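Read the structure below first, then the notes.
Chains here go by letter, A, B, C, D, E and F, matching the order in which they are written, and residues are numbered from 1 within each.
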């Protein structure tokens, strides 16, 4: 294990600002980032990562490497929600609706984790492909759909449903079109994919150069500001974890580790580059807290958000960016050198 | 001044469009919305501090004639049953102008 | 607790200053404002999503003694007539402290 | 529909947490908050345009059964006495769902 | 016609982000730019364009070229509202209040259209003068005042007015001071003019250099973000167009074309440079949707905003930046080469 | 006196944008900066100044110079509230609660004034030490605590207090923990100190370079935008000054001058560099309007904010950045050359 890598990451400004945010809550400071700003920064990061990924893809072109990465991404986002669902229902005796929601959470991905990982790679000057951004966009939705399918498969039909399911659509069955919209056209998938396509189209041209000061140079600074806010929010959610209990807290650290091992194996098998492999591992290890709640709210209405949200936001996310990032990279280095 | 019923609905930010649709379908074109509202209810705290808009509320108020009130309430009730939220009805005087 | 009248006024964002001026001129120094409110009324949808602040509303509420109410309503009515908006009056109890 | 009391409290933004704490301690888990509200009262104008959050208000509303109302009001009154703000109580009907 | 110019503009990031915003509405994505951010970006663009225009004017100085451009701007903003008013009332049989509001809309200008045009010229490396920003500021208000005058001239005195016009100022007559304030000191005119003067005063000094990263380098990126929001808003207004009907929709495309032709002739006559001419044409072809609604609301209270707003915002604006921009430039090139 | 310095400062973009903001209020323009943006810009400025101060401190290390500056900062923030309190109560016959609040206001410091001063020094290429940021953070709180102590010392016990001080904490005595939190962990002190520590830790590394475009290059532009908003707010508060009266208005200009003289003497004595001395003088001359109101609200509840806020925000702040900055520097130059 490369201890210097861990310390190095620990002492990098984005991570330190994340800690600063958490600290602000612990000492009861009134530090507060206005919500419209936090939202803007997340949109900015998605736009930046999407556009730059697309522009790079325009340079490199569609290759075999790209296709296998997409395949691997697809594969993992199908496997993870299924195996975690059974761990949750069988091993942890969890009710179906919560298990399905947590499975969707851990099968889907966190764009902010990905973004933090790209900043980490850039600092270490390890190159990575623009198509990994496409993999990120690709991995957000399938796990959600699988989670909903599992929920519907394993839930006994509600006897009261028939009385409810009258003419009024508000009472009716799950609306697949609403689910698709929430899972595929939610703001974060939409903006990443859209920016990627715009980057693909206009990359290489003079437009790319003119956007650099905004979309590229500010990236690291905005990330610091954004992680300051994430620290505030994560620390506020920490107390919800008491409800989740020790076994779910352990789950929130162990499953990312297992997913990271699986992803490492897959990445080695298909011959990803070191940078791409780290991003792929981060994606698989990460858990969603933006796309999943939006889609699960309507599709698995009885799932308890005060379980899956703090698990991903207050445990898995900090774990991945603080410990996971250098840990996964030093593990990968063992096999890639 | 004319007596009206003041209907207040507080529900998920993302269900706002559904309520507006129902009001429109009942021919109600007068309402006021406060988009960003936080709170707490049966489904726990809704702090409104996350990136996703899932955990925050919206507030809608409509003043309507008494006879319309029952109709609106009936149309909204199943939505509240399914998605959560509350609906309050109170009396008010509309200043005619 | 003491009975008061609760006057709510919803009108164009840009007319807010006019209402405050009227309240001040009537000696009312207690009121609460929610600046950014959207809605729909006789003059159509006011979505509040544009760069100009023309198409959004503000909300003002003032709790006042019953005898002041009539005076306020009369002073505000011509404004509503000219610029649009609504005014509701309801009963409330003021918690004396 | 079920009769309830609608308690509205408007007070300093920075005292919001204190009110929420009191509500929680009384077992009230249902309330709605509008964080950024401006206004004017005995302590002068609170324009809400400064960098500090000291000069702006928050709004909390809770609908509760009649018997709880007195308890809440009594618990809140000393806070209002010390820190300013107002509390109004009115009648409403809760749409059961 | 230079087709490559059209395609080139069509595929530039700002325009693509505008399309992305429209698409988000069409596919019912929940993408949403917080309103305070959108407002900030518009303030930023006005400040940037104003300051840089002023700084450039400080370099070039007040010349004959500048004076004639100002004169031409003034002329066009008087002619356009008058001739369009008569087309609307005579040809399209429109009521006076709506005709006056639409005439003011098309006589006044759109700063965002101008800003998009400057980015287009910068990409093509066609120079333009800083005084065109002054022309922009100059053209916002006169058409509004003329629109109001036409309205008052052609409206029969309201017989109910006397009963209303009591002591209370709220009931009274049009307040000219309020109109002047809304037309001349509205936020966008004020900020552009103010920044222009600041640029004039401090341009050339070390202050200009220090402001470049913020006011100049970020410009293109902010424009993309801003047009993403404009796309969202424009698409939301599209459905209002049904009320306007086909003849007004045609008006919203034909009048810009006519104004562009008029402006081309004037620009040629006074010997503007190619870059200045394009900006002048864009100004004349553009329609206001910020300054006009604010002023018209009080001065022509019976005008229906769901006519003039979607016409300018959802037809003329997209038409001008997508088709108009390259179209006008390739036409100008015919006469300027 | 160096008149060119005064004119130069007067015509610099940040100051001109401050005037523009004030002008907007005077001509009743509807220009308005959304409050979340203004708050973000203030957070940005604190973060930027904190991080860069820390990074520079990492380069220079902890020296004797740093220690004496901290000592001087501590000394001044104890002396100023005490002597001003007695001027207010004895000379101006002010009631104790208002005197204590104003004393705290003038003993504490204004981060925005400091930030404007650093931009001024950078323009003149006068170097200053990163430890002055630490001095800024150090000087925010002590005066507040001293103000509260003075208030409690000189206020007769309230006879009604006993009836109020029942079990309910809401009625009880001053909560020292709340005061400490408001004075020491308020957002602005917390963010400056936190960013300073992060700068200390990560300064010099590659992280510093990557943050430059955001934290350093944008600084001047953001300052302009921010001062535009400060101009709006200051002008809105001007009318509150009528309540304060002429003697307090004079106080709001004379006390900064006296503090500046005291600070000049102290700075000379301990041998500060010219740049450090100017920042130290600015800190001592400045008055708080962010940290003080937050802490005073609970600790000196009967103090009238419509006295101390407009005094510091609408008189002392503009005076210091417009006249004070060049005045203090040209005075310092007399003794430092």
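Here is the rule we use: a residue touches a chain if its C-beta (ideal position, glycine included) is under 8 Å from a C-beta of that chain, and two chains touch if they have at least 3 such contacts.
Quantities reported herein were computed from a predicted structural model and do not represent experimental measurements.
A.B. asks: Counting one step per pair of touching chains, how few steps separate chain A from chain C?
C.D. replies: 2
A.B. asks: Same or different interface residues for chain A and chain F, judged by whether over half of the residue numbers are used by both?
C.D. replies: different
A.B. asks: Relative to chain E, which chain has the most distant C-alpha mean position?
C.D. replies: Here the answer is chain D, farthest from chain E.
A.B. asks: Comparing centres built from CA atoms, which chain ends up most distant from chain C?
C.D. replies: The chain farthest from chain C, judged by C-alpha centres, is A.
A.B. asks: Cα centroid separation between chain B and chain C, in whole Å?
C.D. replies: Whole-Å distance between the two chain centres: 19.
A.B. asks: Between chain A and chain E, what distance separates the C-alpha centroids? Give it in angstrom.
C.D. replies: 41
A.B. asks: Between chain D and chain F, what distance separates the C-alpha centroids? Give it in angstrom.
C.D. replies: Centre-to-centre distance between chain D and chain F: 33 Å.
A.B. asks: Identify all positions of chain B at which a residue touches two or more other chains, and write them in rising order.
C.D. replies: Each of 14, 34, 48, 53, 78, 81, 90-91 in chain B touches at least two other chains.
A.B. asks: Could you list which residues of chain F touch at least two other chains?
C.D. replies: Within chain F, residues 30, 32, 34-37, 39, 213, 217-218, 294 contact more than one other chain.
A.B. asks: What does chain B use to touch chain D in their complex?
C.D. replies: 8, 10, 34, 37-42, 48, 57, 59, 73, 76-78, 80-81, 86-91
A.B. asks: Can you list the residues on chain F that touch chain A in the complex?
C.D. replies: The touching residues are 34-37, 39-40, 43-44, 47, 51, 181-182, 185-187, 190-191, 194-195, 197-198, 201-202, 205-207, 210-211, 213-215, 217-218, 294.
A.B. asks: What does chain E use to touch chain A in their complex?
C.D. replies: For this pair, the touching residues of chain E are 11-13, 16-17, 20, 23-24, 27-37, 119, 122-123, 213, 217-218, 220-222, 224-225.
A.B. asks: For chain B, which residues count as touching chain A in their complex?
C.D. replies: That would be residues 12, 14, 18, 36, 44, 47-55, 78-79, 81-83 of chain B.
A.B. asks: Applying the document's contact rule, which stretches of chain C touch chain D when the two form their complex?
C.D. replies: Touch list, chain C to chain D: 1, 4, 6, 20, 29-35, 63, 90-95, 97.
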